[in-house]
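Chains: A, B and C, in written order; residue numbering restarts at 1 for each.
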Amino acid sequence: MEQAYRIAVGGRFGRLAALAGAAMLVFFVALPAFAGRATIEDLIFVFYMLALAQYWNLLAGYAGLISVGQQAFVGLGGYTLFALTVMAGLDPLLAIVLAGLVAGLLALPTAFVVFRLHGAYFAIGTWVVAEVYRLVFAQWKQLGGGTGTSLPPEITNTVFGIEWVKSLFDVRTSAARDMILYWAALALAAGTVLAVYLILRSRHGLALAAIRDSEPAAASAGVDNFRTKLAVYVATAMGTGMVGALIYLQKARISPDSAFAVLDWTAYVILIVVIGGIGTIEGPIVGVLVFYFLQSYLAGYGTWYLILLGALAILVMLFAPRGIWGYVSERTNLVLFPIRRRLVRSGDGA
Amino acid sequence: MLETRGLTAFYGDFQALYGIDAALGAGETVAIIGANGAGKSTFLKAITGLLPCLPDAVRLQGAAIGGLAPARIARLGISLVPEGRKLFPSLTVEENLLIGAHGRAPGGYWNLARVYGLFPILAERRRVPSTSLSGGQQQMAAIGRALMANPRVLLCDEISLGLAPIVIRDIYNAIPAIRAEGTSIVLVEQDIVQALAVADRVYCLQEGRVSLAGRPDELTREQIHTAYFGT
Amino acid sequence: MTAWLDTLLQGVMLGGLYALFAAGLSLIFGIMRLVNLAHGDLIVLAAFVVLVVTTALGLDPFLAALVAAPLLFGFGYALQHLLLNRTLGRDILPPLLVTFGLSIIVQNGLLQGFSADSRRLGAGALETQSVSLGGGLALGVMPLLTLASAVAAILALNLLFYRTSLGRAFRATSDDPETAQLMGIDNRRIFALAMGVAMTVVTVAALHLGMRANFDPTIGPARLIYAFEAVIIGGLGSLWGTLAGGIVIGLAQTIGARIDPEWQILAGHLAFLTVLALRPRGLFPRAVD
């Protein structure tokens, strides 16, 4: 008997997760109406680290491009924001978008160099390029050179929509500014998760999975490995640049050493992804929550905290290389973001 | 000397060997023949520790050695002449021979001089990189490298593969000298004629099982043909 | 004219230091294809070990390094045997992340133990002595000694590689680890010995690092980057190439610094990127990645 098949993605639980996600999004959008400023600032941090982690995960966990130089694009985004707002007088929110474009544009010459290296050497190569950007920006005297510069308060205080927020919630300028930054961070984080999910579900996601499993096999199946990787590299640079712009809009102070810091913008991000579970969308979400709680309770211990994080990375890599989410998912078959394709009989429920 | 009992082996989920029972006596030469994919190379990989197997499945002089690390098995006296020679490209011919004796106490029968005596052409080419040898010379170097360990059991994986008949003859001419020192030999071959000419006994593998075993002079052409190709 | 000649000579001698940083990295990559992100921090760790030995035993730095070298050899052996061997395989992520984690641990462990203060290994009169070359040119004895040490270290490593049975086993394992095992070579032990040897070279690098300039626990990553650049410029797997690569970085940095002191590090990185763009496999390519 002939049997018809079709390809299905997701399942009943996936739809449930989508509903829950939508509900959570509504909750987070409404949150500033009743949450305090400290909560809002913490969540901004969680959101931008989540976005950075998703980009690094897409790069390393899916495209196999293990970069330790993503701080290059955080810094580029931050500095572009400062240049566009301080020197060109643009609105900060517009500048965030443009910063993403600039980071994406500069990712092209960067890729020209680092794509000549492979594997672990690619990793250090990206780090060298980030160092070059750091040293070049230290020469930019209008933006403070090596010591950096601050964003004048009038720039953040006149951000688009601030008057509206002030009158709607009846709050002062600084609180209204935080709310707008919070929504921007939420939009970036949620948009990133959604974008990564859609990419992975698309035809390109299949190509990425093929490359991750075996580059020669992917090439022989007609995947253009170089172009696919380049596209992912540039796309993640754009996203990372936008996040960088947002981070430094919130910090309102930038210096080459902080904006291009490997520890803050790459090491922590890698730890988040690895601890949460590399190669899944859920992993970075779990990782960022773990990281946030570790940071909240242990950051006061300074060097001991960092030693603990380093040890945690080693232990996870040795004993649970697929991270917390991988461990959970293996035992429960739980998937919140279904991207796997399954063959099902036509007519059967998915 | 060497014995396998119910030896099974897997590549991931794929089972390649389904319980091989085979034995190799002291000083004996045994041929293992079979078509491509019959499991001959897998059999050697399991014995040498490159594929996991149960401890009791492989015994060397009665001691269970199945699944030990390849380096340990090698040091217990099992040397492999791997398929495709696998000489070390950045080592010279002589260094390739010397690496065969790595970490072994000197004093066995086989040493550089005796290997050069067995294959004089290697002495001439001792200083060149192993990559510049011809196929037949590479095969000689690979056999010499295995002999340098003074093994109790010499496993030869397809030593005639890709070589001209005259070269194959040269290489097989060395077998009696190796046997003369009491070394037990396993010859894995697709080239049945050569293998049967020198072997005391033969096992034929088919789809991961022993399909025929016996002395070459007691087996008929038809029996071997059936065991080899099936049907 | 003399000033420029002086700059070039200083550059070559600085290159000797970078070659020392790089030799251990090159060795480890050559034998086990492991890129050790903690390499720079291990150099700094070694410098602190030498420092502790000088103060505890009241030795001068050279003798202290002699005492420290076997300790660090043992440390390298244990590190590889207990930790890094578990990460080796087809996937490059585990070794990268584990050495990254190790880098964070070493750096912060040193900060915890020794604070962020700058330290130095006092070389006594050597620090100020120089050899006159005539025409107003003079070479410091210390930088000269560093260059000589780099050449000696690479010579010694080459002898080890090409004249000893351990070196033979190193090369065989590097060529084809699976077949090497079939020869009775225990890869894990070979890798551990290689890391021990690398840490011995690192001790020499640390000695010169500490005698020529101040060091503190945070400078490791930058040393890793210089070492990495020297290895890539020289071509993977070639020790003499690594020396040449170190000299290229040293020259670029001193020439850059001569034009503008703020450009020293940047000039080194730009030289690296230029070589990478023009000759991606380095100046003396050998190993196949």
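Structure notes:
Keep in mind that, in the parts below, contacts are C-beta pairs under 8 Å (C-beta built on N, C-alpha and C of every residue); 3 or more make two chains touch, one makes a residue touch a chain.
Model, not experiment: these values are computed from the prediction.
The most distant chain from chain C is B, comparing centres defined as mean Cα coordinates. The pair of chains sharing the greatest count of C-beta contacts is A-C. With each centre defined as the average position of its C-alpha atoms, the distance from chain A to chain B rounds to 54 Å. The distance from the centre of chain B to the centre of chain C, with each centre set as the mean of the Cα atoms, comes to 43 Å.
Here the spacing of chain A and chain C, counted between their Cα centres, is 34 Å. Those residues of chain B that touch chain C in the shared complex are 48-50, 69-72, 74-75, 79-80, 82, 86, 88-91, 95, 98-100, 102-104, 145, 149. Every residue of chain A that touches chain C in the complex is listed here, in rising order: 60, 66, 68, 112-113, 116-121, 123-125, 127-129, 131-132, 135-136, 138-139, 146, 262-263, 267, 270, 274, 278, 303-304, 306-307, 309-314, 317-318, 321. On the chain C side of its complex with chain A, the touching residues are 34-35, 37, 83, 86-87, 92-98, 100-105, 107-109, 111-112, 221, 224-225, 228-229, 232, 262, 265-266, 269-270, 272-273, 276-277, 280, 289. Interface residues of chain C facing chain B in the complex, by the touch rule stated above, are 165, 168-169, 171-172, 174-176, 178-187.
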